[in-house]
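Chain naming follows the written order as A, B, C and D, and within any one chain the residues start at number 1.
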Amino acid sequence: MKLFEYEAKHILSQKGVKIPRSVLIAPGDDPLAKMEEAGLKPPVVVKAQVLVAGRGKAGGIKMAKTEEDVKNIVNELFNKPIKGIVPKLLLIEEAIPHETELYAAIVLDRSERKPVILASKYGGMDIEEISREKPESIVRQHVDPFIGLKGYQARLIGKKIGLSGKALASFAKFLTALYEAFTEYDAELAESNPLALVGDEVIPLDARMIVDDNSLYRHPEIAKERLEESGEYTEWEIKARKMGLGFVELDGEIGIIGNGAGLTMTTMDLVYEFGGKPANFLDIGGGASAELVKKAVSFLIEYPKAKKIFINIFGGITRGDEVAKGIVKALEELGDVSKPIVIRLAGTKAEEGKKILEEAGIAAFTDPIEAVKKVIEM
Amino acid sequence: MAVLLDENARVIVQGITGREGSFHTKLMLEYGTKIVAGVTPGKGGQTVHGVPVYDTMEEAVKEHPEANTSIIFVPARFAPDAVYEAVDAGMKLVVVITEHIPVHETLKFVNYAKQKGTVIIGPNCPGIISPGKAKVGIMPGATFKPGPVGIISRSGTLTYEIGYALSKEGIGQSTVIGIGGDPIIGLSFTEAMEYFEKDPETKALVLVGEIGGDMEERAAKMIEEGKFTKPVVAFIAGRTAPPGKRMGHAGAIIMMGTGTYKGKVEALEKAGVKVAKTPFEIPELIKEVI
Amino acid sequence: MKLFEYEAKHILSQKGVKIPRSVLIAPGDDPLAKMEEAGLKPPVVVKAQVLVAGRGKAGGIKMAKTEEDVKNIVNELFNKPIKGIVPKLLLIEEAIPHETELYAAIVLDRSERKPVILASKYGGMDIEEISREKPESIVRQHVDPFIGLKGYQARLIGKKIGLSGKALASFAKFLTALYEAFTEYDAELAESNPLALVGDEVIPLDARMIVDDNSLYRHPEIAKERLEESGEYTEWEIKARKMGLGFVELDGEIGIIGNGAGLTMTTMDLVYEFGGKPANFLDIGGGASAELVKKAVSFLIEYPKAKKIFINIFGGITRGDEVAKGIVKALEELGDVSKPIVIRLAGTKAEEGKKILEEAGIAAFTDPIEAVKKVIEM
Amino acid sequence: MAVLLDENARVIVQGITGREGSFHTKLMLEYGTKIVAGVTPGKGGQTVHGVPVYDTMEEAVKEHPEANTSIIFVPARFAPDAVYEAVDAGMKLVVVITEHIPVHETLKFVNYAKQKGTVIIGPNCPGIISPGKAKVGIMPGATFKPGPVGIISRSGTLTYEIGYALSKEGIGQSTVIGIGGDPIIGLSFTEAMEYFEKDPETKALVLVGEIGGDMEERAAKMIEEGKFTKPVVAFIAGRTAPPGKRMGHAGAIIMMGTGTYKGKVEALEKAGVKVAKTPFEIPELIKEVI
């Protein structure tokens, strides 16, 4: 789950990082009064707290030079969707004059199975741009997860991106705090970009963190889904997530249910291959119960983009009989369903499943190619 | 022969008294896997499908010193502890079925196991089967037949699909490994390939990849460098998946411009690997190379 | 540094351990009013908060069955020294009926360089007694310092001391908390004895922690020396510690200064060997400055037990010239010193040191045996 | 020959610009130790007694790839980091002079170094000297002479005392190791003895112990089990120290009834070791055994 900028900065601040002085504004707040309470005066930066990528380029970050500016910008940002998302909070921060913008991030290196620090002296652009334009500027340092980031490693990274003296010490301290935040919050990503160099001190002008979804139970203080605010999900995706379904909206007309991400993606690929277009990705995962299958089928029946439904199940930990029971129940409960449904069932308890479907008058295929051809021609 | 798992495996099921643990213990026993013990804290003294249950791995290993392999069905919050217990009890192979384990926990136990010389398969994986010899996992056993083709797969269900397609065409498998879909896993493509390279029974290999990460590209590099010399056929799921969207729990996601379908296919084809467009083309491609 | 019982229990409580309900009483407090505030009623246990070993046997722990008892016992304990120490605080705790007393501790195993858990089903007696009387009952489990105590290890230990079911789970949870406290507070020892088994739950009736002195700077919340309260130190030892001197009071008449614990102990051994008795141990450590040497010499001149002073220095990182300067300064500042002083100087800068001493009219030996014989016959 | 340190040592001094670091760099150079570089963060580019200073071990090793040994004079709060840096830079031997390092930090870096195959001497130790070859420590070099006797000591100053007594009697030393007085240290008596056992130049060994801990007892056991076969003479400091009192920072303390003078002497004598009553008897006892 992505954290908001103000949350990530708050975490860093608790780890001893100096962050810009700031105040959080909700709709209806008097921004100037709030600023005065926080000891803030223009020039300030007003930043929409949304989780969409490219927030700055989409107009979500504005400089306000006067109090008049502040009022206008706050009013504008609360009423302007950023990539479709209207912010619920704005962060007003002191403007910090600086010349140098650095980049620092920690991610998980899947091959090395270790956290890796990425840093560059060319901050401000995103890491893809840096990789393209200044690939040699990116410094990489793996971290032993049992030892943590050693002080000497943090200094070495700082040195390699061209820092020295007190600026180097400040950067090393920042990296240490960023690493602590990364591990303490079970992060998949912790990033500051730009990380401003102000005199001898580094100050994060932006901060991003993504917390591992599987670890959210350990972080009750942040563990509320912010699906609506995130801008990552469409209306139907949000609905599905709230129901506990792994659903991704696509642009075609064939609704797809599969078990396992690999098979479900392959089912999409197959539909394309034979001339159809998937309306979605819906993975019921491993070992789905009849109840979950029922939910998934009912969901796709309601989902308007799906004109027909293709269910492709190869049972392992998922049992064909459970799947069949779920489908039958969904159709029973919804009564008159006009969408055509094609089912392919193989693997564990597939025969039992087919029997259940047959008894309910539903035909099922064993061969997926036959099944996909069928659903496309329907 | 086979890789990592054969008829000499003596297996302990951790979390044997749970719903999935008990169900798959039965299926593994029916397949012929030699399950010598089960472990569930607080349930010692029971039996599950005739398998004696112990409170701890220490007790299980004391009574069954021949045990060398474990499979873990323990819920996510307790699974890391179960992995440490298995490694410390001297298991050579540990298969972690459990999904939803916090990634920083996996990071640690995977590094720990490596230090101790234990091979971890998973987490969030279907396990491993050497058809006709033993199955330590949750895949439907009847789908696979003994034979000369190895399979390494990032995707559970797709593995069954491909095994089934091969078996139907009379092409059996030496060993099939579902390595798991989490961002951090114990056994990677290239590490698994080292085992298959040394296995005289394996004549060809099927790699089942997915978008996201760079394991397929690393496999391609290994082949190109001549460190894997047997014929390889590949399938990559997610050709039509939109970038930036997370497809399922597994974390098949294209980020930072890497891990695309196109990049993976190009890397593999450059290394001389035939890449199938659908899983069902794989038997034909395999027939061409063996 | 030893923590008080109430401090150790507070730490455990913050780690989620259930501890007895209690209240802390200072002299002048109304114990019954304080108890009422805390929701406590007799029977209670009143415990002197002193750091001396064998507090219970010395009468520092009393059961109060009535309110009258409470008043009398509080009054008694605030006025009765426990092994020479008058408590500044008393802990009044609910009396917890229980049948079984367990033992659990974590210490550092020097040979294995790992923390080791010690546990026994025979709590209540101290570990030396358990080792003597029920050695087979002591369960030992080493912990990998990078991984920490694994859950399965905690359960295994509990099982081996005879627990099962919910009691085992409660014990394992307790050990995990004790280990967290041990590492978070840089402890050399964390112990609960007795650890009561009450129904299905373990509750620490006593708790001890010793924090590594070298780590105190990382624990400002506990990092105030409690020399007076500790009962570990005599008046002169406290005085020395406050001056930063590593001084131990002994019963003889020859004051001893050495550099390095090994040489200083050996100097004591030598004095004994040749028929004298050391009045103290005083180690000026490695690389002592003239200032520190001056302090040490002045201290022994004032220390009444020392009738003569023997200074035994073999320079390594300690320099003979610095030592000589310190001695000369001390004698100059104190003026007329009647205590005989014998100096033995060898190693780094010994010749330079001797020259300084000579110039000040002080003779120094090279051979320690000659020196020790000299000081004894003086 | 000698153990752990000889004329092939190429040394980096970590914390070279500090008071002690600079002072002892001079003394080590005068002794003939080949110091190739120094490291102090932020002081790169300087020289100290002609030795070039770098900001990091990585740079020092890049410029001086022959470096294989480091000595640490860094203050306690930063010393653990310096140890990791030395180990990661590939040093085979790291001597930690620094005292007052938090014991839980030492616990970790000592285990880490062991995993990586680096030998740590210390912390809170005088270092190591192979007389006539090299000195990596703070002991007065002139005190020691080349010869056939090894010394392993828990006590700094006492080591000089004993080396001096031996040298005066014409008995030189192969290698002298002050292993340090902290509760947790890198190299123990028995581990050091393994090196001396294999060193043909060492004909006899002096063990200088202290009350507290059980290292002397373990040494006795090793001798009794025939795993150390050369003649051994021992001295234990603290015969007259009262129990339960901590003697100096070093932690020579008798706790829980173990680590007493009597227990150590009995264990050693049972193993056939002659135990000297004063350090000055050691030369005579050594003469009897070689």
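In the analysis below, a residue touches a chain if its C-beta (ideal position, glycine included) is under 8 Å from a C-beta of that chain, and two chains touch if they have at least 3 such contacts.
What you are looking at is a predicted structure, and each value in this text was computed from that prediction instead of being measured.
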Other chains in touch with both subunit A and subunit B: C
A-D compared against A-C, more contacting pairs: A-D
Whole-Å gap separating subunit A and subunit C, where each centre is the average of the chain's CA atoms: 53
Gap in Å, rounded to a whole number, between the CA centres of subunit D and subunit B: 49
Mean-CA-position distance for subunit D and subunit C (Å): 27
Residues of subunit B engaged with two or more neighbouring chains: 108, 112
Contacts with 2+ other chains: residues of subunit C: 146-147
Topology of the chain contact graph, where touching chains are joined (line, ring, star, complete, other): other
Contact pairs between chains, per stated definition: A-B, A-C, A-D, B-C, C-D
Subunit B contact footprint on subunit A (complex, rising order): 53, 108, 110-111, 113-115, 127-128, 131, 144-146, 183, 186, 188, 212, 214-215, 217-218, 246, 248, 250, 258-266, 268-270, 272-273, 278, 281, 283, 285-287, 314-318, 346-348, 368-369
Subunit C contact footprint on subunit A (complex, rising order): 146-147
Of all residues in subunit B, those that touch subunit A in their complex: 20, 24, 76-77, 97, 99-104, 107-108, 110-112, 114, 126, 138-140, 143, 153-161, 164, 181, 183-184, 188, 208, 210-211, 213-215, 218, 235, 237-242, 244-250, 252, 256-257, 277-280
Interface residues, subunit A side, partner subunit D - complex: 147, 150-152, 155-156, 159, 164-165, 168-169
Residues of subunit B defined as touching subunit C within the complex: 41-42, 55-58, 78, 81-82, 84-85, 88, 108, 112
